[in-house]
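After this come two complexes, each holding subunit A, first together with subunit B and then together with subunit C.
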Partner chain A sequence: MNPHALTRRCLSAAAALTLSAGALAVAAPGAAAQENDVDTLMIATNQEVDTFNPFKRRFTITYETSMMTYETLVRIGADGYEPVPGLATEWTESEDGLTWTFTIREGSTWSDGEPLTAQDAAYTYNLLIENQAIHDWNIDFAANLVSAEAPDDTTFVLTLAEPAPAEVLYREVYIVPEHVWSTYPDPSADDANRLPLVGSGPFQVTEYETDEFIRLEANEDYWDGAPGFDEVVYDYYVETDAAVAALEAGEVDIVGSGMQGGLNPAQIGALESQGHVTTNDAQGRRYVSLTLNHGTVTQDGTEFGDGHPALKDPVVRTAMHTAIDKQALVDTVLDGSGTPATSLIPSIFEQWHWDGGGELVEFDIDAANRMLDDAGYARGDDGIRTMPGGGEPLRFRFYHHADNTAYATVVEFVTEWWAELGLDIEAEAIEQGTLNDLAYLGEFDIAFSGWGVGPNPTEQLGMHTCAVLPTLTDGSERSSENSYCNPEYDALHEQQKVESDPAARAELVKRQQQLLYEDAPVIWLYYQNVLEAYNHDTVTDMRTQPAEGGMITGQQGFTWSYYTARPSNTEEDGGAPVWVWVAVAAAVVVAAAGAIVFAMRRKQTADERE
Partner chain B sequence: MTSTTASPRALHLSSKRARRKLARARRRRSFARSWTAYRSQRTGMVGLVLLGAIVVLAIGAPILIDESQLSVTQATGGRMEPPSAAYPLGTDETGRSILALTLWGSRLSLLIGLTATVVAILIGTAIGVTSGHIGGWYGWIALRISDWFMVLPSLVVAIALLAVLGRSMATTITVIALVSWSGTTRLVRAQTLTVQARPYLERARALGAGHWHQMTKHILPNVLPLVLASATLLVPSAILMESSLAWLGLGDPSVVSWGSILNRASDNGAVSAHAWWYLLPPGLAILIVVLAFMMCGRALEAVFNPRLRGER
Partner chain C sequence: MIDGSTTAGGSSAEDPPAGRPGGPRRGSRHGRVSSGFGWYLFKHAGGAAVSLLLVLFSSFFIFRLIAGDPIDQLTKERPVSPEQREAMRAELGLDRPMWQQFWDYIAGTLTLDLGESFQYRRPIFDLIVERLPATLLLSGTGMVLAVALGFWIGTRSGWKQGSRFDKGQVATGLLLYSAPTFWLGMIVILVFARFLGIFPVNGMRSPSTPPDFWSQAVDIGHHLVLPVLTYTAVVYAGYLMIMRSSILDEIGSDYLTTARAKGLRDDEVRRRHAVPNALLPTVTLVFLALGSVVNGSIVTEAVFSWPGLGSLFVQSIFYPDRPVLQALFVLFSSSTILAVLCAEILYWFIDPRIRRS
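What follows is the complex of A and B.
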């Protein structure tokens, strides 16, 4: 091949490419214009979907889609997690607390147009009572239900075996349409409800592609008014950095707790400098804690596991607690986006949170050293303390989650502080699954833990009662957080469960937290803030939960933010008018055609020349 | 050295000593010859100087920078501060100097890279020499096993092994050695077969030399130069492997290596924050070390491999 032929081919190829690019340039604005007719709220996520079945789902992403697709009788308020009317306009509790009567909202309909009645509520609660699989999945609540009836279209009556006011109001039971669900062969199956889902909430899931997107379409006939956006789309991003870049580029509207692990302070810092992005550093519902193996036992008192004997001594645990500067952890690891923790319930739940009064442990390494000296844990020649009377050195295994960088940094801090106490800490990063296995087998000394707490504190408090201690030693029963068992605590727990007066209940709950704090089976480190950001050029008016300094993503009981969100009114000034695109495309096409003609002519003359 | 009134035993001893002296002189000469050949290669010399500087820095790190600078509780800098007079390469998210981390990281990265290579080379040479020399069904099986390790995708195997064995320095070294010994085996086996065919080995066999004698006295010395060159080329891949694994979050998070610094940087949002001072130093350090080892290795290869020398 001669060099001219090569040049010619290259030229033709380039021209063909340019031509097709020109065609695309004409097509692109048209497609964009079509999309602009639909207002879409884009939320970044990386969480897989377990199941859309609202009775079985366990993941956060499907919690949010269930909240939007279906509805509960009682919503959880946006102001301060208070119960507010949802599908039920009002409710009454009988004197003995066993019978609850709900008035179902008139005029509400399912997304397929069928009317929603008290029959649907009765059908849903009866699934919990009668469908064995659904019953078992929700055993902690369902076991207490006796009957669910609908005497007429607007009255729903729920009967309980024991009073449980908080559970009835806060337990999120998503009312499903009887006329659809009664046709399902097995309502407890993972794929029982096929897409598009029929629900009564503000948005319904219509489409889902694994690792690509989840699409929810607005319910225009929603009883509380049509939502501001036509659809909500969860867009999948593998890396949080990629989601941040997408928000910067305007491809996604909200990045927050939809990304597992959330945004970190550096990413928030980067987003703050963007003119179109609003960042939100909201108080969170999550605590991070250190579980100390103070001796794992079963219901009948059989000890198992291989925890260090020194950790059974409350003095050692308190000394370790005293040697942790929680404020420093918040300042450095979280860059101030959090609060030092006291006990189980994060401070976002003001009514339940125990602030410690004036009795909190103060960071003081000298005092901690004195405690251990006085208790007889003498230092050996290598500076490591041993059990009183010599013997086993205080060498603790410290397990943290391998995929969590923040935990690794916390470990570095805590290890350095504890080294000053003469404790020998062997830190090890372990996969989450393995770490949980070891923790429930009692084969650890210190391990990380962390939970998101809901508006009803019973579930979290219940993980520290004697009733949930395992019966077997094989680590398969995982209801007890750390083998804590204290009759005084249990008595308080039973009282708070049936207490209808919120103020009286709060006193009991706080007393429980104080007991946990003093016994220190677990050291609570900090309450982590939710870091999130959104594009205020495209979305506005999102209601936070709680009202003061609250969060947009990760709301509880009702997705106030996505429901109230509406497109910003700011003018779209980014796109050029259509005629510019057409002119550009035309110019490109002409130029490319010219190049082809030129190349052809060259070819002809070349042939002649040859 | 030998006295005139020597007994036969002393004579015997002295002749042994003379033989050793001769051997030493021969080795010295051959070393000098190789050194001259090596010195004539500019890239090799540059690599050697670079490597020397890096090793001096790594060994001297504790003198240059106090270990307390790695302490998170005693860190004085701000959060991800850009480079300044106090922190020439800026700080990380806990306020530690990136310069200190990078210098200290060199120790672990080099240690893991070198140890893993030594282990891999030991395994590779042992299997290579024995399979080449002994041959038969043993040689066949050894060869198939090394083939099998060669076709396994090393990073995937390393990740799987680390997931099973847990994360620590020892397991990282083991895993890297395990996935990288097979190349050496091939090389050593080929060279063993070549040496095997030389007449003096036939003579040694005729004189009654056993397998052990043949392998250690005749084959190994002839194979070692190649092994040295191959080891020098294996170190950079081991360092890269360690860094990749640590960057993927599979290293021991409680130790400082270049890969783990990169891992922390990306996990803490250094990319979004455009904190180039956090990402660049460990990345460049990896680049320079790998480059230095490659330069030395290529030069050594050229020295010891006559065919490559001819090309030059």
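What follows is the complex of A and C.
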């Protein structure tokens, strides 16, 4: 074959490919249309699946698939994150708080048709007690369990070493089927990933293609009624902008916190102009805060790190707090999609949130300046304050995450306000891993932090107790958020853990938050909203959590939204009928064939002319 | 290495493959493959082996320069007790001494036991094998189209240098060549998927497609169009420029004048005489392109959420999933090194001057 013929063949191949691409453009939707009798709820995601094993999962995506596939004894409600009946219809706590008795719902079945009984609940809790890997993985809860028994098919009894009412009610222990799991040689290993999963929830994972999609099929025999959709599919998008385009094009139904980082105000703005899209600016569970290095210290009192000495003074910290206009940050940085923060628990958890009770620090730069003047931090010739009695200037390193543009804007505002206090701020954008390393080594003055808070605030509150201070100074123990240690706070923390009365517990939790607020080891800036959007032409009736201004994606304890979602029948199908596609495809194929024939004839005549 | 266009750039017009002279003219095709070949092969294979070793070693250390504790990533936004951290550390083998981790890595890589991914919790070898076909399909198709298109336009451009066609094609090609792949991909999505709605936005197939072969094939083809379009648009200019300059090298040659003197039409002269000679120097280029088929479409894959090695790499960077990054770095680098080696061996056979030296 001479090179010339080779080129020609390449060209013909390229032409054929191009033409067949055209044919595909019209043929494929027709082919797919045949399958349209299944109602599918499409959710955009970019999160990896770590494991479908509900005891070892760490990621949000597998949290959601666990919530849909399996169920807990007690659900977390959609109205206000309150405990509501799940697989258990009722429960009682003994006087001493050590024995819990649950009544298991009768008539519920596993997705393979087997009946679900109290034996399954006992089997599941016994995995936490006896299976070493599962026990270790859930040590904070499992260590407190003594025994789990099922005296009959509808009664389940859990015995604890110490009272822990909130943990028992809020801890998400997904009940797994004993008749399936007992066949696994090691339930903590990958056997639990075998598809289809057998569960008792509204949808079960049946198919998973890495980074392509996760399919969950509806459990038609679900005890609370079959879900509105036949299946839920998580579809993978690497880039959020592509997911937004897919929502606009009608290829995906919901875009929200399934995409890590979520939607930004600009994307929401673009989606708002779409006729078929509803946007939801929901309250969020996440706070953004500034950690002030008031002195990092180990359990035995060894100080480490190199924080600025001025930050040990509560007056300085309060003055800095007073010089931050949180509302302005919400308005400018978040475009209004957030709430100014008070303390650790976001306002979405109305029950636990401390609203300040009229004693909040008001933004007042003059007042802040007076505080510093009175405390003896005099200004030097350059306007920068120094430590009382002269000496070290108040020059603070301010570290923010390099990948977060919102933080960078916050830094600009805050730096300006603090400059008016006579503080010299050196802001530096740092890659997140390095920032964490420095923060836990205590080698910083001010650093950004942010956490999502759960319906049970114990874990988050626990990060500020003396018990989690590191024992080493090498920064490897990372359980204490900021070396805060206050015996009064710790006493309240122990009390709230064992308090069964929600109202009494709320008082304790609020008092804890107030202490944190007044001591100001951390300045809470704002609670960030969740921005999400869905196609209301295809999906409707999604229940939000909480009921007022709540979210659709990122729900806790039970996926109320996906369970209640129904296809909205506002239009037939959205696309052209199949025959149109077939006709167009045929036309394209004919045109392609014509073009090829023409090209070949031309070649022939060319050959003849030689 | 990150961008398709950069990869092609490494071997494109401005930067012809190092040390490659303008290409053989009428060299004897029957040049004796002497014992010189043994030495030539040894020299180049040795060089490649040294490069591979360096890649192998450096890959281990480069990704350890990414600061931070992997456990922080695994437990993001969720408080964990020190005991839990220790348990995870042990499970991931992070509690072992550095030299032991290094040894495990080297021995593992050589035996293709690449370890387990932090984020997927699966053997990396399986992940790579699973994703390789998707990448080969996208980059392979894109590469064939880019080479064909580039050579076809390049030939005509060079032949009519300075014409309106030439200027227009070179300008268009270079414009696309310099466009950021990410940006171009988003534009393509907006036009074809969002507004025209004739192609899907993401992925390689749609979850609702029936499992039979033909439905799947049509669906994959449907999803393939936009990424291939983007990829081809970005890289074809490299081949266009090479082919164009190669034609320009030939255009004043005596044998073309002879051919014309024989009364051949201009078209024939180009196709039968100029192109075959101009193609020779581009052979290595094509070979080098094969090396980048594995890693050439990282950004394109990310934009279109194409489930190949490129988007695996991007996901792993964000994570950061160190063992996956290590393995992919070695894979990408070694495929390029091996392609270069193949090109060098090939050159022995097609360029007589190398045999003579």
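By definition in this document, the second predicted complex is superposed on the first by the 541 of 610 C-alpha atoms of A that agree within 3 Å, B and C clash if a C-alpha of one lies under 4 Å from a C-alpha of the other, contacts with A are read in each partner's own complex, and residues count from 1 in each chain.
As a convention for this text, a residue touches a chain if its C-beta (ideal position, glycine included) is under 8 Å from a C-beta of that chain, and two chains touch if they have at least 3 such contacts.
Since this is a predicted model, take the numbers as computed values, not measurements.
Participant: Once the structures are superposed on A, label A:94 by its partner contacts, choosing first (subunit B), second (subunit C), both or neither.
Facilitator: A:94 contacts neither subunit B nor subunit C.
Participant: Which chain, subunit B or subunit C, is in touch with more residues of subunit A?
Facilitator: C
Participant: With both complexes overlaid on chain A, does A:431 touch subunit B (first), subunit C (second), both or neither?
Facilitator: Touch partners of A:431: subunit B and subunit C.
Participant: Quick check on the superposed pair: does A:302 touch subunit B, subunit C, both, or neither? Answer first, second, both or neither.
Facilitator: neither
Participant: Tell me the contact category for A:417 with respect to subunit B and subunit C: first, second, both or neither.
Facilitator: In the superposition, A:417 contacts subunit B only.
Participant: Figure out whether A:245 sits in contact with subunit B (first) or subunit C (second), or with both, or with neither.
Facilitator: It touches subunit B and subunit C both.
Participant: Mind working out whether A:212 is in touch with subunit B, subunit C, both or neither, as first, second, both or neither?
Facilitator: A:212 sits against subunit C, while subunit B stays out of touch.
Participant: Can A:270 be said to touch subunit B (first), subunit C (second), both, or neither?
Facilitator: first
Participant: Look at A:147 in the shared chain and tell me whether it touches subunit B only, subunit C only, both, or neither; answer first, second, both or neither.
Facilitator: neither
Participant: Going by the contact definition given at the top, which residues of subunit A touch subunit B in one complex and subunit C in the other?
Facilitator: The overlap between the subunit B and subunit C interfaces on subunit A comprises residues 241, 245, 431.
Participant: Which residues of subunit C touch subunit A once you look at their complex with the stated criterion?
Facilitator: 66-69, 71-75, 77-85, 87, 119-121, 127, 130-131, 141, 144-145, 147-149, 151-152, 155, 186, 189-190, 193-194, 197-210, 215, 218-219, 221-222, 225, 228-229, 267-268, 271-272, 275-276, 279, 301-305, 307, 311-312, 314-315, 320
Participant: Taking the touch rule as given, give the residues of subunit A at its contact with subunit C in the complex, in rising order.
Facilitator: Subunit A residues touching subunit C: 2-4, 7, 10-11, 13-14, 17, 20-21, 24-29, 31-32, 34-36, 38, 40, 46, 48-51, 58, 136-137, 139-140, 207, 209-213, 215, 233, 235-239, 241-243, 245-246, 248-251, 286, 431-434, 436-437, 450-452, 459-460, 462-463, 468, 476-479, 606, 610.
Participant: Mind listing the subunit B positions that touch subunit A in their complex?
Facilitator: Contact set of subunit B toward subunit A: 71-73, 79-80, 93-95, 163, 166-168, 249, 252-254, 263-264, 266-275.
Participant: Using the touch rule from the top, collect the residues of subunit A that touch subunit B in their complex.
Facilitator: That would be residues 240-241, 244-245, 263-267, 269-271, 328, 332-333, 335, 402-403, 405, 408-409, 411-413, 415-417, 427-431 of subunit A.
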